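Take a look at the structure below.
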Amino acid sequence: MGKAGGDSRALINEQGLRIDGRKLDELRPIKIEVGILKNADGSAYIEFGKNKIMAAVYGPKEVHPKHSALPDKSVLRCRYHMSPFSTEERKNPAPSRREIEISKVMREALEPALMLQDYPRTAIDVFVEVLQSDGGSRCAGISAAAVALADAGVNMRDLVAACAAGKVAEQVVLDVDDTEDKEGQADLPIAIMPNVNQVTLLQLDGQLTDEEFGKAFNWAIEGARKVYQLQRQALIGRYFAPEGNENS
Amino acid sequence: MSAVKKIIVIEQLKRNQMNELLARGTRLDGRGMLDTRPMTVTPNVIEKAEGSSRVLLGNTEVIAGVKVNVGTPFPDTPDKGLLVVSAEVLPLASPYAEPGPPDESTIELARVTDRGVRESGMIDVGKLVLVEGKHVYAVFVDVSILNADGNLFDAVSAAVVSALLTAKIPKYEVTAEGSITKTEEKIPLPIQTIPAAVTMAKIGDYILVDPDSEEEAVMDARITFVSDDRGNICAGQKGLGGTFSFEQVVFAASTAKLKGDQIREIIKQGVHSAV
Amino acid sequence: MGKAGGDSRALINEQGLRIDGRKLDELRPIKIEVGILKNADGSAYIEFGKNKIMAAVYGPKEVHPKHSALPDKSVLRCRYHMSPFSTEERKNPAPSRREIEISKVMREALEPALMLQDYPRTAIDVFVEVLQSDGGSRCAGISAAAVALADAGVNMRDLVAACAAGKVAEQVVLDVDDTEDKEGQADLPIAIMPNVNQVTLLQLDGQLTDEEFGKAFNWAIEGARKVYQLQRQALIGRYFAPEGNENS
Amino acid sequence: MSAVKKIIVIEQLKRNQMNELLARGTRLDGRGMLDTRPMTVTPNVIEKAEGSSRVLLGNTEVIAGVKVNVGTPFPDTPDKGLLVVSAEVLPLASPYAEPGPPDESTIELARVTDRGVRESGMIDVGKLVLVEGKHVYAVFVDVSILNADGNLFDAVSAAVVSALLTAKIPKYEVTAEGSITKTEEKIPLPIQTIPAAVTMAKIGDYILVDPDSEEEAVMDARITFVSDDRGNICAGQKGLGGTFSFEQVVFAASTAKLKGDQIREIIKQGVHSAV
Amino acid sequence: MSAVKKIIVIEQLKRNQMNELLARGTRLDGRGMLDTRPMTVTPNVIEKAEGSSRVLLGNTEVIAGVKVNVGTPFPDTPDKGLLVVSAEVLPLASPYAEPGPPDESTIELARVTDRGVRESGMIDVGKLVLVEGKHVYAVFVDVSILNADGNLFDAVSAAVVSALLTAKIPKYEVTAEGSITKTEEKIPLPIQTIPAAVTMAKIGDYILVDPDSEEEAVMDARITFVSDDRGNICAGQKGLGGTFSFEQVVFAASTAKLKGDQIREIIKQGVHSAV
Amino acid sequence: MGKAGGDSRALINEQGLRIDGRKLDELRPIKIEVGILKNADGSAYIEFGKNKIMAAVYGPKEVHPKHSALPDKSVLRCRYHMSPFSTEERKNPAPSRREIEISKVMREALEPALMLQDYPRTAIDVFVEVLQSDGGSRCAGISAAAVALADAGVNMRDLVAACAAGKVAEQVVLDVDDTEDKEGQADLPIAIMPNVNQVTLLQLDGQLTDEEFGKAFNWAIEGARKVYQLQRQALIGRYFAPEGNENS
């Protein structure tokens, strides 16, 4: 949202199409793969537009130091991190304030879906590595992390699926990419538990009227539901494919 | 035993008592669900700062100070001044605050406050340029949290906004040789709107405006919306490991606009009384 | 002492008055308030010239980590910190070497007055925050911290009162302010326990002959005694005021 | 139980079994002493980077990315561009990897990789100068290690080398006023040779090429040699608290040259298939 | 068992013994109350440094080195060169020294030493300016403490002062275009006086000059005064959680001047023998 | 190796002598002193060309924190550090990546010679401080550290002696100094246990053919053997000198 109310020349053309040719309510191409990292207890890889993101889960496992364990449930820990080559300008590998904030909201977006009380005195580590970044990397990362948690066999109430809507050239759009994020007017990333209709992440940057907010919020929910279908397919493909991989 | 220590020993008894009260539509301190605590805004408390403001929200006490110097713009926004919001929960503020670099909660607090100011367009950063791509005004707003008794988000936001509203910054000029000199003249910042942050807690199925620290100790989730004075929502943030239903999100957004108008009035009065 | 023996044009005028109109042996205006922070176990606020300083005490309390506790007395810990907006140029919030040194001498200035052996295996934390700085902030901070310790009910042998003397335009002066500190010739901050006549802090920057040192040292002691009277009044006002606040 | 967790519970039984196998000239996974695991090299996997490559060596998986900008040369080498190699063993890579700044092992890994590239003269840094003493190309190669299953040295080296070989960097130009501007044109880096790193483990008295993580868990010492395509050895590093006899060092150096030729071929094929 | 380890096991016995001795006016090693240990000053021990000096004070051993380059003056002192004193108690120096950034005691040590040099006006920093506000000499004095056996303050101060006295720094010149070049010529620093630090311990009611580590282990408080060669006291610092009576402070200040003259002589002789 | 294959004008003259007048296979002057630091359990000082390096050993001693102790042997810890004034340009005192790497290989070079299993649940600390640096400081530091370990009375299988060979102006040379390191073509530092003929450290920077590698490696071994003789003499001088210092 570098330019609130800013330059909006070509972001939507006369045919109502966006710079990459998408319709206003169209998602970018999405690909999800499950269980590709050998050492992790669970893992997933997502391509979401130009985002390329790896998620890995270790745990439930022993906690060090011991006094940070909880007697009644597992401690969920999260790290969202960008590889130095993932951005236009090289990113310093030390965690930025942005990465620290996203790590926090990501943890809070995943936590409601996990049966942490089933694993007292343990920790579950979720690591999300952005190998290439585009707009919406936090949503893509959350969606990948939820799949990695399922792949690790952690007990879950529901999956968590995430998607953003926003405002570009005075119009509400679904799934804001990098250019739209920088030159557009608003970005509203959310995460939901799709089967219990609960919001687990919500952030907003940029200006929306009440009406626009309602529309963007509903579009983002519908976008997240589509992401959820792809998450399910990826997990089914992994665990119930005709080739017969191991069952969960 | 101090106020905050009491919070810690909140037991099931109190949690039950809180839920019973909420079921009857009231709160431990007698407020209604959508009532904020008294807020006082006192600008110009730090004469050495270019702008400053002390905000009391119930027992929560914060001071924001503005310092301005000349900096280099970011390469991708050569035509914009710099605005940096930082916060520190001083160890004076609570028995749980530790000295040291800000933790994730304080970083979130500063970044959400920053986004509210930035995305509302409160400051016209396009007017803070001296030489495009080379020299711009750099506006630093630092917040020292002196006593933490719940809802730091709204207190910090009000302090930052009122400090910026009352700031008088040195005017810099470009010399003939292209270097920058500080003049004696003081100018206000280019203000375009007054953003107001409103934070709500979810406890069980209830939504409460402006939670105090006893309510924060038992809340399931937190949601903040910032609105401007032109009817827009311009920043939002959900926090903690609980959830909101879709209806609760929409309710929270519209509540934030209503209550935001009240907070904006308090800020304006505080600023007006200071001039 | 930026300019030892340096420029001294207008620091003292023909009438023997200083730049802010004070006489050579006159203190700046001082205001002390007690018990204003709600969460702290004890607190005090001091205005000393343009200094605006908050002090808070937490404890005696449990020590973490446990192995840093002492079996025979309480551990006193101190932090002197300047808010970023407290100085002419914005101050980086990370502790400077100067703040680390002052935190140390402040702890050593307060420690002799405390009955630490009454609280074995505990810690007492003293936090001093400079909201606006002027010359003499360490002295003002120590004086406020001593009042906050009394407000917290920590057993004390005596209060600690602090004041500086110095040399400006070749003359000994009491209570050096910011301009005098920067353009003057010497600064001698001390802290004393006023009822037992002991020095708990002494630092010196800048040049003094033996005679000047003796005079400055005595003036600083007298200054500290005046500060002590204001500390007492503030504590009496808090605990024995006619309005009837709680008694200690 | 994951692959790496199994390593940890390697007990005397396994160590004995490994020694018996080695005495017969073979290894747990059936390889001969001087056999490497299959290596695949896939360049251009990160489009936003100027160059990139993903390398699989058995189950070890790493990605290297090249970013280029303009920097200031070191005072003692005003006539040379900058080349900086960094690596991070991501916490995704193994249950033993911790988030945070690189530890001594990762620093060693990056520095040995850097020396192999630098000392081989792979990049002609003398051609990366824009204005001598003032402006030079700064080439950053960062490696993210995604899965650690032994012999990170050779996997990281191959990824860095193949990313540099395929990089297309923006051409910068010196303007009339002496400042630097980025052009639209993309150019390759000035490549002079292709270095290849070969790492060997010593277990008991045996020398094994390309140890996997089960072998690394029991190895006594490690030795790496980097060779170029002109018959030179150009970097070396012994690691861990074991020793090598004089004969073993000479054997390891000549083995590294032989196996280095094979790895160089794999890198070339990977790069060729990508163009 | 090493010397410092012995200190730790100093029990009540030793403390009693020390007090008995002090009551008779003498000390464990036979010195009188106001006697310093032997001090030797050896300049020019590090040829690569612009100046250097090794000081032995009893078993305390420190080396100071001076490095000079060109820096930018502070905005509020555009007409003054830079002088930066740092110290590290190397982990070699004592079983209690830890590697890592300096702790509060070492910071205090460096800052008190710095103030002694600075406030005495030892170096005429006004003569270390090349272009006012832009380019000045930056003089770094670093002290490595190799063996710690008490009274680091006086040993470090003597090492810093003697290293500065004997330093020969490169002469820089301003070119016609206003840039700075290093010449082959070597010049001394502009010296105005020779400061000397004298530290005293208070044990019970006794004041002892130059405490060794056994005395430091039982001392109640510490006081340092620095004097110049023109009869001024120019820096002072009380340390530790004990106190001094008003009379003891005045006694310590005048003692420091007397003993400071002796130390100044030792420094002069060390410097003289080196030339 | 700043200039691999680079400028080699005067590095070897027509008489086959090097810039400091040495022959190709000649060591720089070396001086070793033992036991000079009073507090350390063992110490040594080495001058090796212009290198001036102090090494100190503390231990075997208790480990803090306790969980970092090993049940079956002592933990060896090493720090190689350069004083800020030891280099041409002032060195930042914080440990550089180079110093961290050298600390690691130095530890691994010394460890094979130590009977660590004789001291379970303890730590041995080796500190090497470079007071003045020249080419070959890591080799000189290792050689000094080995002597300091012997001085501390730690049980050892053998000493460790280190030396480098290299390539300068197309010729193999022994013991590369600073200028030769910067302007030469290769540097091959090694450490050996001289009585059991084992290599404990080997690094290589720069280009060597097979033949050159073999020659340089053998020269470095011979150089290390000469260093070993000086180490022995220093230890014998310390412990069996006619003046009769304490025996080990």
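Chains: A, B, C, D, E and F, in written order; residue numbering restarts at 1 for each.
Quick note on the criterion: a residue touches a chain if its C-beta (ideal position, glycine included) is under 8 Å from a C-beta of that chain, and two chains touch if they have at least 3 such contacts.
The structure displayed is predicted, hence computed values, not measured ones.
Fewest steps needed to get from chain A to chain B, stepping only to touching chains, is 1.
Listing every chain that touches chain A and chain D alike gives an empty result. Using mean Cα coordinates as chain centres, the one most removed from chain A is E. Repeating the A-B interface with over half of its contact pairs identical by residue number, the matching pair from D-F, A-D or B-C is D-F. Centre-to-centre separation of chain B and chain D, using mean CA positions: 48 Å. Work out the mean CA point of chain C and of chain E, and you get 27 Å between them. Annotation: 32 Å between the Cα-based centres of chain E and chain F. Annotation for chain F: residues touching 2 or more other chains are 89. Contact with two or more other chains is made by no residue of chain E. Chain-to-chain contact here is organised cyclically: the chains close a single ring, every chain touching exactly two others. From chain A, with chain B next, the chains follow one another around the ring as A, B, C, E, F, D. Taken together, the chain A residues at the contact with chain D in this complex read 37-41, 43, 50, 52, 54-56, 58, 61, 79, 81, 83-90, 93-94, 125, 127, 129, 131-133. Chain D makes touch with chain A in their complex at residues 2-4, 45-49, 52, 59, 61, 63-67, 69, 86, 88, 90-95, 99, 101, 140, 142, 144, 146-149. Listing the residues of chain A that touch chain B in their complex gives 1-2, 4-5, 76, 89, 97-98, 100-101, 103-105, 107-108, 111-112, 182, 186, 188, 193, 197-210, 213-214, 217, 221.
By the touch criterion given at the top, residues 75-77, 104-105, 107-108, 110-111, 115, 118-121, 223, 225, 228, 231-246, 248-250, 253-254, 257 of chain E touch chain C in their complex.
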